[in-house]
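After this come two complexes, each holding subunit A, first together with subunit B and then together with subunit C.
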Partner chain A sequence: MLWLQFMSGLQSAAILFLLAAGLSIIYGVCHLLNLAHGSFFMLAMFLAYSITEKFFSNSDTGFLVALLVVPLLIAMLGIVVEVLIFRHLYQADVLVQILPSIGLIFLISDLVRGVWGLESRSIDTPSWFSEPVAVLGAYIPGYYLFIIGTGALVSVLVWFLVNRTPWGLLVRATAANRDAALGLGVDVRWMFTSVFGLSTWLVGLAGVLILPLAGANPGSDLDASVDAFAVVVIGGLGSIWGALASAMLIGMVKAFGILIVPQFTIAFVFILMAVVLLVRPAGLFGKLNR
Partner chain B sequence: MPEARADEPIKIGVITSRTGVFALYGTAGEQGVRLAAEEINKSGGILGKQIELLLADTNSKPEEAGRLFREQVAQGAFLMIGNVASAESAAASTLAKESRIPFFTVGGYGRFLTEDAGHRYFFRLAMNVRGFYTPLARELAKKPLRKYCTINNDYEFARDLNRSTLAVIQEGAPDVRVLDGCEFWVPLGTTDFASYITAIMSKGPEVVLFSGLVGPSARAFLAQAKSFGLFKTVLGAHASMGNPANATGVREKDMPENIFTAGDYPYPPVDTPSNMMFFKSYNQRWNALPMSESAAGYTTMKFIAKAIEKAGRLDREAFVTAAEGLDIESPAAGRITLRPFDHQSTHGVWTGNLAWDPKDDRAGMSNVAFIESSAFLPTEDTVGKLRAAAASR
Partner chain C sequence: MTSTSEVVLPASSPARLRHAGIAMILAAGVAIGVLGSETLLVQATDILIFVLFALSLNLVVGQSGMVSMCHAAFFAVGGYVFGVLQVRYGWTGAGGAAAAAVLAIAASIVLALGIGLLITRVSHAYFIMLTLALGQLVYIVIWKWHAMTGGDDGLIGIPGVAALQDTRTFYMVAFVVVVSCTALLFGIARSAFGHALTAIRDNPLRAAFIGIPVRSFRLAAFVLAAGFAGLAGVGQAIFHRGMFPNAASFITSADGLVAVVLGGTQWFLGPVVGAIVFKILSYGLPHLTQYWLSCLGAVIIVVALAFPGGMLSLAARFDSRMRK
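Now for the complex of A and B:
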């Protein structure tokens, strides 16, 4: 039973990582806190619902199309937002940066209300994953394994992108010292735009993946943002690997906390945050005075 | 209070959780109120005057409900309607009592509203929450199942609901117990239940009571419980999945077979002429299916019109006196009466199993049984005792 608890924690961790990784990358490279991160997540869920339900009458094909198309749509939206709004604010004061992202929260929230209304929307779990799979003696729903697998695959992909490609080299250089990178001729503008695209692609993927289980709800934008910020604060602002470690930590603490001390469920994440910040004020992988 | 002139409309304050966690419930209630007001205005208004609704959004926050209550009364509202949940209704109730302005809750099911904290200026045409849990709990007590787990959203209404349900079950079956470490409280809006479900499975209960999971949480819990097969061997009990808003977004494939529930506006819709008429006009007006709160809002507005007509003038004291004991046709629940001693209507309840309603393409109930309010509402004597006890605290 501990094993089953571990796997359910791993599933939560996979979603948390995909949800928060983008937020962390944007901060790490662009030094921008995108408060509207959860809004992209919510929008992805509603778009995936419409594509699957309306265009593919809720078939497995519909889910597959949504899984491929929606993160790209969200990434395109992210790029548009970066070019139109955030690009002009990198040099600005933090407060000035935050205001437009708050505006974006209201905009997307009203858009979702206007188009999809107030009711929860959801899609069926694809039939490929309808049977539980026996893993080391515990029956785990196939779809949870799919989420865990996708989370792992994407982590590897992101690692490869950042550590093994020329683009990644530039990203790391820019994150380490923006002025030096600029001086050495890195096209910082394009760099920031592509980082925004990747980040919103990740959060879009998280939205589609969790849709059959969690459902799309107006209001899930703020919940998602709070979760993402918790992951990023514990992991260290700007560190992808911090986000991964922190998502794993939160997933496991919650899963086993629920089993052992259920009366403190609501406080788990905050206790964890307090402990980590006391020991390492910059978060697990964060650096102070950057 | 100055008498309104003949050409002046009757202003009625309407505060609604149009946004925030209770948006779905509040909006349904407001749409019911507005539909009824439009129908009344079309057929000549009340006492020859048109109704003017003052509409405002509480954002599901009690302090906002209080502020808007004062604001709308200052704008000349004759009385107030709240398409709001119990906590907001409680805030409005306090103000209603102080300022002697009648307040009708549409979405507040809380027991205490008409019982411990009830007063001359508080009214409820909607059902008392006892309707949800009392018949359900009595049925559960009859089953040979003793080991329970509970999982609920963490807010006052759900805590009271859970406590009260268990109390009624234990009246009938004193040896029923909640397993150690199997009482879960999750924040409103939670949609990740995997770890809760695996924890519940490892404790091995016979019944999972999840009445206090509402909206997105209820839907997500059902879908994830289904994927783990939790309800293949365990009975689920939710006191109000038959409140349609609680079951929105539940999909046919996610429906566990084994869920016992109750509701105050069941689907498929109750097949009576008055409900069919309401269902059709609501659907045409709002392009949406009516919910419990829609019916309650509609009934409340119609009841208010009838009571003002009976009082014959715009006087709040005369209104309260006219309203006591007055009856009204509720869309689904038949003729209901406002009990004079606690201002709670005699709205009954349906119990049954959670089931798919293919015609309306949404979650509904099967094996439905209607239970009259006399089976669950407290007697005049009990209400008196509860109020006396509350007053001495």
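Now for the complex of A and C:
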């Protein structure tokens, strides 16, 4: 029983990490808070629903296609949004930076309402994962294992991208000192755009992965944003590993909290957030210099 | 390039423009009260309530430099506490209603104290995320606490105040209240306390060095603004005889923020102009297109990119060019 809850916590941690990592990376590199982060997540869910349900009549192939295509579509949208809007705001006042993401939240939620209506949409778990798998004496839903595996794989991939590739080196340089990087001939604009692309790809992936477990609703955007904020507030903005640690913490708190008081798991997350802020106002892994 | 401090008090402070604007808004307000049709009065009252909401928000946003995304929570709590006291506990007489209103505003203030104690210690980005998250929490509580708030059915049948049942009377009273609150907020903005807030906004470190208690002043501004938002919420509850969860939603908070920026955060009357224009847009757009929220979103993006100083900055620039 506890083992099953642990795996369930691990599964939600994987989703939370994919969801929040992008928000944290964008802030770390571009110093921009994208409030519309959850809107990309919701859009990914609805797009995945349409591809699986409408084009492939809810088949396994449909899910696979959605898993490959939707994150790319979301990343493309993210890049377009960065080039058209956010690129012009990196130097701007916080309030002016926040405003366009509010506009985006309105735009995307209105679009989703217009195209998909107000109903909750979901898809079936792909048949490969429909059987529970016996792990250490407990039967774990196969799809949990798939999410955990994907989350782990992507974490390693992100680590590799940031720490072991030339692109990652430039990104780290830009994050550490934008002006120095610019002076050394780093194309900072392209760095920002590509970081936006990676971040929105991650959030798109999270949206597709969660869809068989949780329905897509017109309110999913803000729910996802609040989840992502909780992760980065606890972990520390701009720190990917803070996001990983905090996603694990929140995933576990949610999974075990449900055993104690089923209706108020969200309250646990807020209490955790309050405690962390009182002890470390910049989050567990954040720096307090701003 | 668009830092807020840049647009404070332009070289030719257009007093002429300001006086003409204030006179025009006041005259229009009185004219609507005397001549307006029932529909116009209803819309104008909604605008008045929203003006108070946006003005109080600007004490936090424009004056103190804290981008709050949970202002709707204080508005909704004001309205709901008033409504719950009337509907569930029968505080319906004149005295009961007055006591309910006082308690409702007190509730908003207490909530702001609780939230403020937690968040006035964190930096910009955390402040924004936390206020948004806590605002959503209040929204969820209102939505789920069906027995008390009526949940998504709304809290309906609020008796309100017997003397204010007539739309025109209510409008007139609301007009006087909002104008008085505006004067009061203006006094606060131009007081030593208000100037200290501006100093904190522009440079918290320097403000701390010259002896301004940064955290307490931020908290005080946050709480004070919440009190005015609570009053606006009480007005909403009395006027519509009901409260609905969307009063606490992210959209309500965002609307306030948009109105503030649309008018110009660095102008005391910016939120007033912004709120009026915003409400007129949101009345007009749904008649033109089904996708009015998208249009609003697009307008917001364009305003942020093209006129970050807001309409009043634009008007001031236009006016100074005309006089040259």
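Here is the rule we go by: the second predicted complex is superposed on the first by the 283 of 290 C-alpha atoms of A that agree within 3 Å, B and C clash if a C-alpha of one lies under 4 Å from a C-alpha of the other, contacts with A are read in each partner's own complex, and residues count from 1 in each chain.
Assume a contact is a pair of C-beta atoms (placed from the backbone, for glycine too) under 8 Å apart; a residue touches a chain by one contact, two chains touch by 3 or more.
Given the structure is predicted, the values throughout are model-derived calculations rather than measurements.
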Subunit C versus subunit B on the shared subunit A, clash or fit after superposition: clash
First (subunit B), second (subunit C), both or neither touched by A:271: neither
Which superposed partner A:180 touches (first subunit B, second subunit C, both, neither): neither
First (subunit B), second (subunit C), both or neither touched by A:152: neither
First, second, both or neither for A:139, with subunit B first and subunit C second: first
Touched partner set for A:214, first subunit B, second subunit C, both or neither: first
Contacts of A:92 with subunit B and subunit C, given as first, second, both or neither: second
Touching partner for A:125 - first (subunit B), second (subunit C), both, neither: first
First (subunit B), second (subunit C), both or neither touched by A:237: second
From 4-12, 40-48, 58-66 or 364-372, the subunit B stretch with C-alpha clashes against subunit C: 58-66
Set intersection of subunit A contacts, subunit C complex versus subunit B complex: 223, 266
Contact footprint of subunit A on subunit C as seen in their complex: 1-4, 61, 65, 67, 69, 118-119, 121-126, 128-130, 132-134, 136-137, 140, 250-251, 254, 257-258, 261, 265, 290-291, 293-294, 296-301, 303-305, 308
Contact footprint of subunit C on subunit A as seen in their complex: 27, 33, 35, 85, 88-89, 91-96, 98-100, 102-107, 109-111, 114, 222-223, 225-226, 229-230, 232-233, 237, 266, 270, 273-274, 277-278, 281-283, 290
Complex contact set, residues of subunit B against subunit A: 20-21, 23-24, 27, 154, 181-187, 189, 191-192, 194-199, 201-202, 215-216, 219-220, 223-224, 227-229, 248-249, 251, 253-254, 288
Touching residues on subunit A, where the partner in the complex is subunit B: 1, 4-5, 7-9, 11-12, 15, 117-125, 132, 139, 141, 143-144, 210, 212-215, 217-220, 223, 254-255, 258-263, 265-266
